[in-house]
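Chain naming follows the written order as A, B, C and D, and within any one chain the residues start at number 1.
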Amino acid sequence: MKRIGVLTSGGDASGMNPALRAVVRSAIVHGLEVIGIERGYEGLLNGWLKPLSLSSVGGIINRGGTILRTARSERFKTDEGLQTAAQTLHDNGIEGLVVIGGDGSFRGAVRLEEVSGVAVVGIPATIDNDIGGTEYTLGFDTALQVAMDAIDKIRDTADSFERIFVIEVMGRSRGFIAAAVGLAGGAEAILVPEIPFDPVQVCERLKQGMARGKRSAIIVTAEGAARAQEVATFVEMYLREEVRATVLGYTQRGGSPTATDRIMGARFGALAVDLLLQGQRGMMTAAHGDEVLAVPLRASWEQPRVLDESLLKLNEVLAS
Amino acid sequence: MKRIGVLTSGGDASGMNPALRAVVRSAIVHGLEVIGIERGYEGLLNGWLKPLSLSSVGGIINRGGTILRTARSERFKTDEGLQTAAQTLHDNGIEGLVVIGGDGSFRGAVRLEEVSGVAVVGIPATIDNDIGGTEYTLGFDTALQVAMDAIDKIRDTADSFERIFVIEVMGRSRGFIAAAVGLAGGAEAILVPEIPFDPVQVCERLKQGMARGKRSAIIVTAEGAARAQEVATFVEMYLREEVRATVLGYTQRGGSPTATDRIMGARFGALAVDLLLQGQRGMMTAAHGDEVLAVPLRASWEQPRVLDESLLKLNEVLAS
Amino acid sequence: MKRIGVLTSGGDASGMNPALRAVVRSAIVHGLEVIGIERGYEGLLNGWLKPLSLSSVGGIINRGGTILRTARSERFKTDEGLQTAAQTLHDNGIEGLVVIGGDGSFRGAVRLEEVSGVAVVGIPATIDNDIGGTEYTLGFDTALQVAMDAIDKIRDTADSFERIFVIEVMGRSRGFIAAAVGLAGGAEAILVPEIPFDPVQVCERLKQGMARGKRSAIIVTAEGAARAQEVATFVEMYLREEVRATVLGYTQRGGSPTATDRIMGARFGALAVDLLLQGQRGMMTAAHGDEVLAVPLRASWEQPRVLDESLLKLNEVLAS
Amino acid sequence: MKRIGVLTSGGDASGMNPALRAVVRSAIVHGLEVIGIERGYEGLLNGWLKPLSLSSVGGIINRGGTILRTARSERFKTDEGLQTAAQTLHDNGIEGLVVIGGDGSFRGAVRLEEVSGVAVVGIPATIDNDIGGTEYTLGFDTALQVAMDAIDKIRDTADSFERIFVIEVMGRSRGFIAAAVGLAGGAEAILVPEIPFDPVQVCERLKQGMARGKRSAIIVTAEGAARAQEVATFVEMYLREEVRATVLGYTQRGGSPTATDRIMGARFGALAVDLLLQGQRGMMTAAHGDEVLAVPLRASWEQPRVLDESLLKLNEVLAS
């Protein structure tokens, strides 16, 4: 193997840049050439390629987002798109490809490997931490930290006004962010899509807390569970208290990567290059405990991650 | 003068706690007793009073919000309310009152002084920086910093996706926050209530920037100028580009006070006590350049602050 | 079991407060009374006890340090001290004790359990992450984040001046902090006590980087490996370049706990109470991968943690 | 005027990049060409020039340090150096020069203007805020914020251990940083070079605070007043309490510029270009209250700034 490609795909996540830095530097130190493909699979379809050197990735370890940019590509999902992408790889002598992205990007990666014959390795990166086969996806820790800092700030106002706030966090159809950030933020209630919730019961629990002397309350809701404004309206009508809704939004995606996202990015990136050099195919990097290892890309959708519901039970106790 | 009262009123703002600390400690060092009144004017109506000592305000200098809590009070605006509040002051031997809040609270303060005869001093505190007679109100710098940090994070995603984002910031009917945070965040456009804007022109300017190679754009809109979602919809339809809207919301109110808010809180707090000791009436603390000084409370609404439109022109140049 | 005690001991670490909150609330929800012991084992010797309620631990989840305070106690290490401490437990009807601290505190905990008969559970908390039997100790992630943020800031000056900086981080006799923060901060070299280093080789590597166009360099040294000033002096004389030394110091201990430290604190705290309720003795909470579980307190010193040297090799590659 | 140059000189300060961005964009919008000179005056001596475009300064508004780098130059202070620098300006058709730096750099700027005839405008930038003629120098607010955050973190440990900490901050021979950060950080004592201090009196005041129930103390010392370790040793011996010393060091220089440093950088930068276009010579930008205006460069050393000693008196009251 002489030359590899690397791209970032899907929603951006903090940690993509540290992973990219590790892929590039590790590959070059091992004697490979590295081609950066801009805007994900769209770049393969349009030939947006550029060689990357050691210094191309200097000064990016502490930057959110991705310097290769990202995009979503409908055309890549078609047979014609796949053929074109494969052709780009062949035309440019790319013998291995690192795809930094989420499970949607990994489905594409598997098909591209089949069609092109070029070995593909995935690095899981999405703030949602909802990819099967790995305990960690890049961007999750930074997103948690950003969302938690926001909750800390809102708590100042909630306490000062003795009010109830409903805060909506990201996570697509899953509750990983909501559960973690709710627990870390000391939320009085956490709503996730995985567990049906009874809004009356939520209100009754808030009431009990207030009876015990709590002067404010925070409800964290996953975007996949309920919209902040809907929850706020219900609670306001039921409790006859003023309730405020806030949607954290895109700030959760960005920000300088945390130490965890930088270290995991470094480890995933270097491992991805090792896997290509070993001649492995169809694999992704994964975290299990303190270890990083390789699992099949298919695990990302075939072994869906299960939300640890004990975290939510724990939160109910701690919100007392 | 032997005993003074202090309360925080209106929207909470970072810097209220440092000001409160300064009022309490400065008063006690000058031999006064200090009574804290909880939940603003509501506390005067309900007798929610407690004596404050040097240590009551220990460990609060770095905390957002207000430990005295705040509230809005409709009843206080009635004659009966004012009489009751005045009675509470007299019954508790309170000979001077420090009101930390915005111009609404200051109107109440002036009437309370008239009705009760008790000297009142105001300390301007609102994130909106829209109080006449002073160049600075507590909470503004912290709100700027929080909003700017959020814009920095959103810029990561905007750059990665090469997309346009519309970000709505607070400020009530004024554009002080939007102008400052837009300039500090390097926004491509800033919409404020004080200046009519032409959405077509805004779009055309974005187009020019993109023609010059800009890969993303941030539009900052003051809540009093236009809602983020409305702007986003217009720009999306006009430019036929994907546009995202985000509302920063209540995070802007909170967070540990910045150095500026702590220092100004300290200076305002100590000056407020000095003014009471000097026997002044109907005054508020104010900032002019490096100085803090006293101006009449009435200035807060009689001399409305003018938005420095040159900042917006400057931003147009710098967004090139 | 009706009543338990809880104390924090040894060096303070961010995450102690979240763990304390979890111990108290979990215990009370399970019907136990909780006694807080101030200033670690010294508090047991001097009877510095106070009952803790649900609201005693309100508003502390986001605060660094420990509201129970901590101290080191020489007297507790004597037989007389142990007897006195045991007596305090008995006199106050304390049937179980949670010790939040490091391995030194855990040695004391084991002896206290033997002497007093009172069940003791440990929660590992030290910024150094050097406790056997667990992959994680509370405070480590916050310390990493704080040290990494400092390195990011120093990098600004290093780049602007094209200079070499040597940054000394904590970690006592181990290199866990240095290895992780060096990797996360993109350090050009990392010195740890576990691996002998050749200063000439370090300098030669910096030279190569500069030949490739690097305009600055950061060397991270663990306090147990070499002092920053010594390293700086050597590098300055060898390379004939200006070198600056800086010692990060006590900022690394403090700061609002990160999401990881809050979540692990919550999980450790609740588990500690469960272990006491189950009648377990001599155990500590531990992290392995995504799980929290119980291991013997003795593991904390009998199974010393091994530094993952592959992180340092990885860093050499990535610093290219 | 067709072409101007810009350089950053002296110690780096956060806010230099925003100022540079404003100089470049404002100049180009006004039809000028801009040449960036790297490494301050050294760059003029060595011909390290490069043209700057609108996009050269894209993405730097939120970055500390200076992308033009900085350096100190002994040779520039000689007659030969000045002649060479002047020659570089003429050879490259540079008709105006913006110097972003401190008063040392401004002395050089005045001489260079005399020798070369090229108009020079200064933008005050130093974390020390010790330049005459202006109330503000770029970098001061960011340095305050960074130092204050560090003090907040150290306070966590100080409170937990009930200990005294001595924290040394920058400021060269002046106490502006120490006074402001001490007041903002709630320090129990502040030592500055401008006011002789009696260490015995400092200790006695700490003692009184402890007698009133303070459980920790922070002493902030300016590097120009006393070294942290010396103060710590004295206090330890006098009070017979454990005292810790910490030197904040180079972190104070860096970090993403605060809103204030970005806004002032923008205003100073645009004004500097205006002054060149107006044909002014020997001027610097300055802040007075809410205004930015031009004052002679000579004011920077002829009208030395006076430390507002009332801040220190205020702090003594508030530290009660």
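Keep in mind that, in the parts below, a contact is a pair of C-beta atoms (placed from the backbone, for glycine too) under 8 Å apart; a residue touches a chain by one contact, two chains touch by 3 or more.
Since this is a predicted model, take the numbers as computed values, not measurements.
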Quiz item: Of all the other chains, whose mean CA position lies farthest from subunit A?
Solution: D
Practice problem: Please compute the C-alpha centroid of subunit A, do the same for subunit C, then give the distance between them in whole Å. | Solution: 28
Quiz item: Rounded to the nearest whole Å, what is the centre-to-centre distance of subunit A and subunit D, using the mean of the C-alpha atoms as each centre?
Solution: 39
Quiz item: Whole-Å distance, subunit C centre to subunit D centre, using C-alpha means?
Solution: 35
Quiz item: Taking each residue of subunit C in turn, which ones touch at least two of the other chains?
Solution: 152, 155, 159
Practice problem: Check the chains against each other and report every pair that touches. | Solution: A-B, A-C, B-D, C-D
Quiz item: Contact residues on subunit C for subunit A in the complex?
Solution: 21-22, 25-26, 28-29, 54-55, 58-59, 61-62, 135, 141, 144-145, 148, 152, 155, 159, 180-181, 183-186, 212-214, 256, 258-260, 262-263, 266-267, 270, 288-290, 308, 311, 314-315, 317-318, 320
Practice problem: Show which residues of subunit A lie in contact with subunit B when the two form their complex. | Solution: 8, 12, 14, 16, 39, 63-66, 69-71, 146, 150, 152-157, 159-162, 165, 215, 244, 246-247, 249-251, 253-255
